[in-house]
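Mind looking over this structure? Questions follow.
Letters A, B, C and D name the chains as they come in the text, with residue numbers starting at 1 for each one.
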Amino acid sequence: MSASDTQSPLRLFWREFSENKFAVGSLVVVVLLAVVAFLAPLLVPQDPYNLELLSLLDARRPPGFVGSGGYVHVLGTDPQGRDLLSAIFYGLRISIIIGLAAGAIALVLGTIVGIFAAYAGGWIETVLMRVIDLQLSFPAILLALVLVALLGQGKGQLIAALVAAQYAYFARTAYGAAKAERRKDYVEAALATPLAGYKVAVRHLLPNCMPPLIVVATVQIANAISLEATLSFLGLGLPVTEPSLGMLISNGFPYMMSGRYWISVFPGIALIILIVAINVVGDQIRDQFNPRLRK
Amino acid sequence: MKAKQLLASLAVALGVAVSAAGVSAQTLTMGVRGGPESLDPHYSALGSHAEAAKHIFDTLVWSGDDLQIEPGLATSWKPLNETTWEFKLREGVKFHDGSTFDAEDVKFSIERIPAVSGPTTTTIYVRRVESVEIIDPYTIHIHTNGPAATLPYDFVRLFIVSAEAAKDYSTKETASAGFNGGPAAVGTGPYKLVSWEPKGDLVLERFDDYWRGKGAWEKVIRKEIPNDSARLAALKAGQVDIINYVSSVDYLALQRDSSVDAVVGDSVYIMNLQLDQRPDTPKVYAMDGSKLAENPLQNPKVREAIDLAIDRETMVDIVLEGLGKPANQMMPAGFFGSSEKIPARVHDSAKAKALLAEAGYPDGFQMDLYCTSDRLPGDGAICQGLGQMFSQIGIKTNVNAISKTVYFPAQSRLEYSVFMNGWGTLTGEASYTLGALAHSNDPDVKMGAFNRVAYKNEKVDELMEKGAMTLDADARRALYEEAMELTMADRVYIPVVQLQTVWATKAGKLSFPPRFDEDTLAFFIKPKG
Amino acid sequence: MTLVLDVQDLCTSFHTRAGVVKAVNGVSFTLRKGEVLGLVGESGSGKTVTGFSLLGLVDAPGRIDRGRIVLNGQDLVGLPERELRKRRGRDIAMIFQDPIATLNPLLSIRTQMTMALDAHASMGRAAAEKRCVEVLEKVGIPDPRSRLDNYPHEFSGGMRQRVAIAIALLHNPSVIVADEPTTALDVSIQAQILHEMRSLAQETGTALIWISHDLATVSSLATRLLVMYAGRVVEEGPTAEVLNNPRHPYTRGLIDSLPATAEPGKPLSQIPGTTPSLLSLGQGCPFKPRCTYATDICDTAPALSAVTKRAWRCHHPLAMEGAA
Amino acid sequence: MLGFVIQRLIQASLVMAAMSVIVFVGVYAIGNPIEIIIPPEATQEIREATIRSLGLDLPLWKQYFIFVGNLTEGDFGRSFIYNLPVLELILGRLPATLELVLISVISATVGGVVLGIYAGYRPDSIIAKTIMAVSVLGFSVPSFWVGLILILTFAVNLGWLPAGGRGETVSLFGVQWSFLTFDGLSHIVLPALNLAFFKLAMMIRLARAGTRETMLTDTIKFARAAGISEGRILRRHLLKLISIPIITVFGLELGSTLAFAVVTETIFSWPGVGKLIIDSIAVLDRPVMVAYLILTALLFVLINLTVDLVFAFIDPRIRAKGA
């Protein structure tokens, strides 16, 4: 069968991907959660941030309670009388936005640093990679913790801290791939031509960095979401009035011991589903990119 | 006896824990939220620090369960003139090392404070003291830098250390080594220091010659468990006998739990709303976000509307799950200077809306409400609840419940227009509260330091200044009550709820009186039956 | 001479999600004591899988579907793993292409040899060392006793392969399967090893199955050739006869693409096309798409034709020189 | 080998010097500790007196200079909050953290390697798939959530294990350890489990990937062809071959677990350095932060050095290069 001649690499990739039903299921979940997050305002019965719509009289009601708004609180309500389903959808939105933003910025920044180091060579390469290695050996959580404490609360600050904690992974990956490519003859040849250096980097080095970077990106987005939740839990994340999933879990946890499990458990489940699904997709992509496991 | 000893040493040698039940008969293990920052009692003015220090040291003036002052190491005190107070000291009091307490120790302790105080400074307790004069071993005169009517109240956290034991440990560099390690940590209090680990366990042993009598427990272990859930879990698991600060969240479930007794006590903390009176206030806007011509918070009708919008019953029942009381003034009832004439606050949304319209804001306006989310139980939740209530009368409220590390610096820089604070009248009398909040900010008379809303009522200023000069307690009380009534009527400070605190113990095991200052003191905890 | 190995109708296939890959499809051959059999074919022709099948080392999802592998009179197919293991290394051994990859870089030669010895014999330390030294000497490692405690990285490529061969020889097996054992080595060392292997086979009576894609090396060593294509044997016969007079167009193609046979100045001839996917083999001759002699009849599978010592599988066998 | 160690130590001091500058400038540039340390009730005079007594009135470079000067004498400074020498404060709490981290990392590694090898050796079995599902969970579920669930299940609902604290300790070599008493052990189980869960998942993945790749290599095939039993192949060949990435990660993880202990220690009220640092961060107790980060960096370098030495021990090729 010579179908491979007519299929784009992307379609081939998808064919292999679709063989793993679990990964496909996870991808569907990720897409679904993303859609839910971005369409949250259209889907939820209540805007959880509009205080006018909340009533303390509805606070901490179990799943299935019909509140003063006249609709069923499918997952119950939180200590402010917020519909938990709505809060989770909005929380998902915040978590995903932060994860994506931090992941994307770290990706761009890390790739630039990595490729630049590989392209520049010499002492620049040595210094840059020493710094990157040093940072990699330093735990992300600690760095993020210190930065968030110093920068203060807020989405921007949080994303900045996450980027600072994560870009090194991208830089290392891009550097590794670019370095391998840089040694190849055709790149050397291209560098000898009058073609501008950055064009060589973009045209030849960048494409070869993409597959491993995609793998790192999926993992790091999941990590960013998880890290954000952890920071929120430690009280260093976002303000309580615009809760991310981590903040919802943290806010609800004190109620666990008194049996009002839903306030913390449902956001927790949402968070875990999201991260597990992203990781399963990432795993599959990684396996597909790993030449050593392919025969 | 021998065999038991052998067994015990064997157990230690084998690394086996001696069964907890075996040693606990005379041991009290307390699980507390926070602890001392040092064992030098003069290091920090934090409540948890003083609470721990009270186990080892005594104060000159004792603050009773309801924060009214009682004799401590001083048996009596009286003002001699405008700037002199005489304190008579208790005779026959022994330090842990067997030496006798006298006036030298008091003078030494007072003079030592500025040298060793940490950042949360204890110098506030002696800020009025000009000098200390020893008349005889059991009489001292305190000369003040001006009339100091409330000096005895300042002394409720003035701990007396042994001049002999602490003399080499009274500089910043040496103090912590001397006290934390032990040689200087010699007090007259009910317990002797055995060991202490910062943020860990404080282990104490009974002082049999304590002047109040012998305590009920031979050994006291004070464990720091900052996490509310973990503390409760430790009690349920039998690791500790008593815990403080049960969160309101767990209180309901606790009442249904037969294995645990809950003791509820009123707290000194009153959650209150503060409204900026500056003409140009930063965080109040029109509905569309534009700047308003004038500050609506300066309008008494708007302030009344805000007051009427607050449903205090719901706040107590729902947000605090019953652990609180609606508050109508800035101090709990019964405190020196709180007034019985102030009526309970009412909730009336309809009237609030009408008042807003009358004041020229029929469509409402917008404001940012700031508060801490990690300082006092329920602070973030109460503040979000307030946001709902204000939004419902047409004042669109953006709630910012933030970390105290961000909140307080910004608040002191006057960056907020509307904010909710918890205020605790730690001395139990009104000059502490009204002098700091209600008097206009005036460094010359050292009043109004925490008036961060530019509140000024000439009459209140006058009453407070007069009170500070009035040495007669009853006359002073009347002045303070009037000041309180006036301030509350102005509604610049709007009290919301008074918090309550809960202790929990193993069912039927312990009895103790809850204290207003929320201290958990081993000496006053008795075994039941 | 005695027959040590008799393989009949060996079929090994891989059951993947995409379908069944018949890697070895009805291969039969015999091997006598001391004989060197060359197994040639392009990559993917099934020669390596054949080698692994003989040792019962086909990785999942592959398995032997049918056939017999009679080694010293006993059929190995269907034997439990435990029994197979007893024979591996003792009766039949294998060496691989890349000596860097076969030896464990983290273990000393002594450890690796001792482990292989212990697999089938329990002997004392001294006896074990004696045996190791003996074998290393045999494969031409100078000063073997002192080199026992060296690690693989301390040997050159050729020496490393010699160590691997020594390990294979430890138990004097009846058969050694050598899977491209010289491909990774320098040409001069290749020749040395080839030479040594040949004399070893003669000396010890061990039969060799020499698997290679390189007809040239195999022909200098093997007494008989087995040409495989797409999982089948397409031609078989004594080396000289097959080389001088191939019957199968594929064998011809292989011979023509040898640099030695090319006329100077002319481009090397190549077999057009690529090896077919074993997943989508039809009924007919698998070489048909690449064969210049192909006709309609090639859509049916050719049977094996045989004359004394020679066999081939083709509808259009090339003329036999001097016989017709 | 000595030269190698010296080279590493020089590298370490450079790293720590860089670290101290970064942290020092970072804490100063962005956060002003005085706002947080001084109680909101403080008057202006008290405020200024405190700033002076903490040395915060000096220009930044001068503060750093003083800090470095003290550091050369082994003095990391005093905590703003506790007025205790920082080193004493940190070292006093280090054993609790080390104990927790070592127990969890070692058990996670042992468990993870065993499970991972199995999952890589029999990748299609149900057990392998279950192991992998557990590892995906372990990899994904945030650590704090695992901690909460552990407390809820084993401490609150079942009441089997304590929810927090360190329990009884026994003094050994002048340091308090809890793993030597039964009570202490019962306290360490849940936090160690919590901390180990993520590492376990990581080790499973690593061992599985290593096993899968290694099992396909000619080394294993050659060993099999020599008739060596599977058990011996796994123990003697595979384990050694996959040990290099595992030890690398073990070293890295030892460090990162030390940092991640921050979360676990907070949840379980474990009195280690993690809790100290989170409390210090909350109040911007700069001397503690700086010292902690410098010591962490030092610890990292030491761990890396040890890992390198272990490598040399395992891999003769590296040994050859190092010599």
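Following the convention adopted for this analysis, a residue touches a chain if its C-beta (ideal position, glycine included) is under 8 Å from a C-beta of that chain, and two chains touch if they have at least 3 such contacts.
Being a predicted model, the structure only gives us computed values, none of them experimental.
Chain D has the Cα centre that lies closest to the mean of all protein Cα atoms in view.
The chain with its CA mean position farthest from that of subunit B is C.
Of all chain pairs, the one joined by the greatest number of contacting C-beta pairs is B-D.
Averaging Cα coordinates per chain places subunit A and subunit B 44 Å apart. As a whole-number value, the distance joining the C-alpha centres of subunit A and subunit D reads 24 Å. If you average the Cα atoms of subunit B and of subunit D, the two centres end up 38 Å apart. Once the centre of each chain is set as its mean CA position, subunit A and subunit C turn out to be 51 Å apart. Of all residues in subunit B, those touching 2 or more other chains are 229, 233, 403, listed in ascending order.
Along subunit A, residues 235-236, 253, 256-257 each make contact with two or more other chains.
Residue positions 156, 266, 282, 284 of subunit D are each in touch with at least two other chains. Within the complex formed with subunit B, the subunit A residues making contact are 50-52, 54-57, 59-60, 79-81, 152-153, 235-236, 239-241, 253-259. Against subunit C, in their complex, subunit D makes its touches with residues 124, 216-219, 221-229, 232, 236-237, 240-241, 314-317, 320.
Those residues of subunit A whose C-beta lies close enough to touch subunit D in the complex are 134, 137-139, 141-142, 145-146, 149-151, 222, 226, 229-230, 233-236, 246, 249, 253, 256-257, 264, 268, 271-272, 275-276, 278-280, 283, 292-293.
Those residues of subunit B whose C-beta lies close enough to touch subunit D in the complex are 12, 15-17, 20, 37-38, 40, 43, 45-46, 118-121, 123-124, 172, 175-176, 180, 197-200, 223, 225-227, 229-230, 233-234, 236-237, 239, 403, 405, 408-409, 411-412, 436, 443, 446, 449-450. Chain contact summary for the complex, subunit D toward subunit A: residues 15, 18, 23, 26-27, 30-31, 136-137, 139-145, 148, 152, 156, 212-213, 252, 255-256, 258-260, 262-263, 266, 277-278, 281-282, 284, 289, 293, 296-297, 300, 304.
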